[in-house]
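Each chain carries a letter (A, B, C and D) given by its place in the written order, and its residues are counted from 1.
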Amino acid sequence: MSKVSTVSGALRAAVKSGDTILVGGFGRGGVPFSCTEFLADHPDEFRDLTLVKNDANEPGLGIGAMFRNPGQVKKLISTHIGLNPEFIGQMNAKEIACELIPQGIFAEKLRAGGAGIPAFLHDIGMGTIVAEGKRTVDFDGRPWILESALRGDVGLLCADMADEKGNAWWRGTNRNMNVVMGMAARTVIVEAKQIVPVGTLRPEDVHLPGVCVTAVVPAGPRRHLQKLAADE
Amino acid sequence: MTPEERLLIERAAREIEPGMVVNLGIGLPTKIPAVLPAGFDVTFHSENGFAGLGPPLEGGTPDNDVIDAGGRAVTLEPGAACFDSVTSFSLVRGGKVDLAILGAFEVSVAGDLANWMIPGKLTPGMGGGMELAQKARRVLVVSRHLDKHGRGKLVDVCSLPLTAAGCVSTLVTERAVFRREKGGRMRLVSVAPGLSVEDAREGMPEGLEAEGALEAWEGVGRR
Amino acid sequence: MSKVSTVSGALRAAVKSGDTILVGGFGRGGVPFSCTEFLADHPDEFRDLTLVKNDANEPGLGIGAMFRNPGQVKKLISTHIGLNPEFIGQMNAKEIACELIPQGIFAEKLRAGGAGIPAFLHDIGMGTIVAEGKRTVDFDGRPWILESALRGDVGLLCADMADEKGNAWWRGTNRNMNVVMGMAARTVIVEAKQIVPVGTLRPEDVHLPGVCVTAVVPAGPRRHLQKLAADE
Amino acid sequence: MTPEERLLIERAAREIEPGMVVNLGIGLPTKIPAVLPAGFDVTFHSENGFAGLGPPLEGGTPDNDVIDAGGRAVTLEPGAACFDSVTSFSLVRGGKVDLAILGAFEVSVAGDLANWMIPGKLTPGMGGGMELAQKARRVLVVSRHLDKHGRGKLVDVCSLPLTAAGCVSTLVTERAVFRREKGGRMRLVSVAPGLSVEDAREGMPEGLEAEGALEAWEGVGRR
C-alpha cells in the first residue's frame, strides 16, 4: 500500500530509453537531484531521453550531469538555458536538440497535458520569431496560436515533504514546475526531502494529490550539488 | 438497504481492484464503501474536491465542511487530499480515475449511457456526469434490473439524451452482470445465485447471450 | 492597506446592475451567503444580473433567494439545478434564462478566463446534445469542441479564512469553484468566516493569493440558512 | 551601486504607485526594492512562484528554498503567498501584474522590446520574459543610457529579435525618462538634474522631442 521505494528501484521500473522525462525544478530549487544523479551515473541503461525542464541547470549539476553523457539526452525542451554554457555549446554543435518555449506557455502546455486538454489558444510571442510556423486559429475576430499539450512518460519531482500515499508538499518557491509535471506524466516519482507517515499532511495543505504519484523515494545527499558548492 | 440492493452493491463492489481510484455517482453507488472489507486499498475521488473518503459517520455531529458530490456530509481518511474543482476535473480528464460507478436511466447494448435528463420531465443539469462517463478509465453502471414499469435497464438504443456514447463497460443489477469489450456489445457474464439465465434476460434486449461459460457470482463478502 | 470592508460597502462599490457575477460554492459548502443575502435584500439596487454558479442552491437559499426577486437575475450559467425546483419552474416558464454546462468544463472555462487563455479544445459532451451547434476545430486528426473562456465582472467567494491582504484558505471541500472564480473576476470579494492578521497563513498554505482579491468582508450569521435549518 | 545606477533606480522606483503588483526582471530591476521608503505599499511578484517579497537579507544564512526568478535567495514578507508556475503565469496573463520593470538590449520608439537573444552570440532562452512584456499592464524598462559602444538604448527599429512588440510604455535611464501613449511614439518627458536636453538625446533617434514642458525629475528619495 505504501508507495515508498528506492531511487534505483523506482527509476529502473519507470524509465526506458527513448522516454520523455519531465523534471521538476527552477534553478536549484525543487530539482530531483538524487534521481538525475542516478540517471547520469547509468548512461548505458538510460539513453536517447527527451528531457522537459524549466532550465538546463548548471554544468555538471542536475540534468547538467546527464548532458555530459554522449547519447543519454537527445533533446531538451526548456525555457532558459543561460546558466549552462556547456549545454549551449552542445546545442550549437547540434549534439543535443533544444526547443525553447516561453515559460508560462511551457507551464500551460504541461498543465493542458495533465488536465486532458489537447490544445489551447494564446497570443504569447505573437509577432516574434517564437510564433513563426505555428498554426493559428481565428477566434473572437483575431488569430491566436493553437498550442498543443505536452505530456511525459515519467515525471521526476522533488518535494520537501511527501507521505506514503504520495501526497506532496513544497516549501517556499520549490513548487515551481513540480506540481504540473506531477499531473502531466504517466508515471510519477516524487523524491522527498522528508517522507512522513500518512495523516501528517493536512488534506487542505496537499499541493499534489497522491493519486497522481507512483512512487516516493528519499532524497539522497545531493553529491553533485555538494561538489559544486565545494568548488565555488 | 433492501436485500436486492445489497446483492447488487456487493457484486458491484467486487469490480473494484486493490489500488484503484474510484468515483461514485449519487444514489446507489454511494452505498458501496460500506460493504468493502475493512482496510481495502481503494481511494474514492469525489468531484467536488477530494480523494480519500473516510469511514461512514457513526453518530456524532456531521462536519458540513466535508461533503461529497451529492451534498452529504462525509469523512476523510488519513492521507486524503482536498483540492478545488479545476484540479478535481483535471484528475478526471487526465485519466487518474480508474473506475466510475454510476447510476443510469438507460444503458444501450453498445455501452451508451443516458443518466442526466428526461426531456420535459427532469432537467437537473449534468453536473460532472459527462466528464466521469467519458473520461474514467472504466465505467460501471449499477441499477435495479427492471424499472417500475417492468422494463430492463439495457436497451437496444437509448431513447433519452446521452450522457456519453459507448462508455459503459459493465452493468451490475441484482440479477445479473453484463459486460462489453471496448467497441463491442453487452453480453451476459454472470447470474445471481438461485436465478436462471431467463431471469437475467427478463426485460432486456435480444442478443445478450454469453459468449462462453458464465462466471460464478462473487460478492465482495466472499473475498 | 487592509482590504477588510463590509458586505454592504464592498458590494455597493463592486456590483452594478447588468453585471456578470461569479458566485462560489458547491451545494451549501463555500457559498458566500452573506453576500447573496445582501443582494437578495436589495433587489432594486442590483438588477438584470447574470449569475455564474456551480448549482442553483435550494429555494430561498443563497442565490435561490435572488431568483425570487423578479428582474434581479436574468440568466444563470450553471452545471446543476436539481435541488431548486422553484428555479426549474422559472426556467421552464422562461422567466430566467439558464445555460447548463458540464461541471469540469464550467470550471475549465473559468480557469481559462482567469489564466488569460481565450479558448481551449476538448471533447466533453461530443456526440451529445450538449455539443450541438458548438464550433469545432480539427486537431491531431479529429474534431474537438472550441470552448471559450468565461470571466466575470465580480466574484463573490466564501473562504474559511482570509487575511487582511486577501490571501484566502478553505477547509475541506469548501474550496470547490471559489479559487477559480477568484482568478476569473475583475473585482473579487472574499466573504471570510474568519479574518486573520497578515502573517497568520503560511505562504505555502494560501489557496488564493491576495493579489487577486479586492475586498475581504466578514461572513454574517447566514440568516437564510438558519431559517431553512429551522424549517427542516 | 554606482551613482548613475542609483539615480536611475531611484527614478524608476518613482513609477511604482502604492498598491501596485510589480514584477522585476533580473539585473538592474532587482535593485529597486532597496530604495523604496520603508513600509511602501507594493507587492512584488516573482514568476518562479511568489507574491510578497520581503526585506533584503541582512547577513544570516540564506534560505535557498525561497529564491527569486534570478535564482537569488530572498525573503518573503508577512502576507506573502507561494504558488506554482502555472498559477504564477495565470496571474501574469490574467492581468494581475500592474507593472513589469525589465532590462533591455533595445527599445524602439514604437515601444518594441528586444531583451532575450542576440543571434549567434547569446541564446539563453526567453524564460518568462515574453509573458511579462506582453501581459503586464504596464512595462517600464530601466537601462543605462548608452551601451559600451556609445549607442543609446532607444532605436528607430529593433535590430534584434523582439520579445514583444509595442509593449514598453516608459524607459528610464540615468539621464532621462521617455514615455509613450499606447500606440504612440516615445517622447522625452524628464531630464536628470544638472543635465541638458542634448545630454538626454545623446545616442537616441531623432524625433523624441517633448510635446509639452518637461516634468521635474523626482527620485523616490524625495517622496
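By our rule, a residue touches a chain if its C-beta (ideal position, glycine included) is under 8 Å from a C-beta of that chain, and two chains touch if they have at least 3 such contacts.
It should be emphasised that the depicted structure is a prediction, and the values quoted were computed from it without experimental measurement.
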Chains touching subunit A and subunit D alike, please list them. C
The pair out of B-C and C-D sharing more C-beta contacts is B-C
Quick one: subunit B and subunit D, Cα centre-to-centre, how many Å? 57
Taking each chain's mean CA coordinate, subunit C and subunit D are separated, in whole Å, by 36
Distance between chain centroids, defined by C-alpha means - subunit B, subunit C (Å): 30
Two or more other chains touching the same residue: where does that happen in subunit A? 108, 111, 115-117, 122, 170-172, 175, 203-204, 207
Which positions in subunit D touch two or more other chains at once? 50, 76, 82-83, 86, 89, 92-93, 135
Pairs of chains in contact (touch as defined earlier), listed by label: A-B, A-C, A-D, B-C, C-D
Subunit D touches which residues of subunit A in the complex? 26-29, 54-55, 78-83, 88, 91-92, 100, 102-105, 107-108, 110-111, 122-125, 127-130, 160, 170-180, 207
Residue positions on subunit A within touch of subunit C in the complex are 108, 112, 115-122, 137, 139-140, 144, 146, 148, 169-172, 175, 203-205, 207
Give the list of subunit B residues in touch with subunit C in this complex. 46-50, 63-69, 71, 76, 82-86, 88-89, 92-93, 123-131, 134-135, 161-165
Which of the residues in subunit A end up touching subunit B in this complex? 1, 111, 114-117, 163-165, 167, 183-184, 198-199, 203-204, 206, 209-212
Applying the document's contact rule, which stretches of subunit D touch subunit C when the two form their complex? 21, 41, 43, 45, 50-52, 76, 78-83, 86-87, 89-96, 135
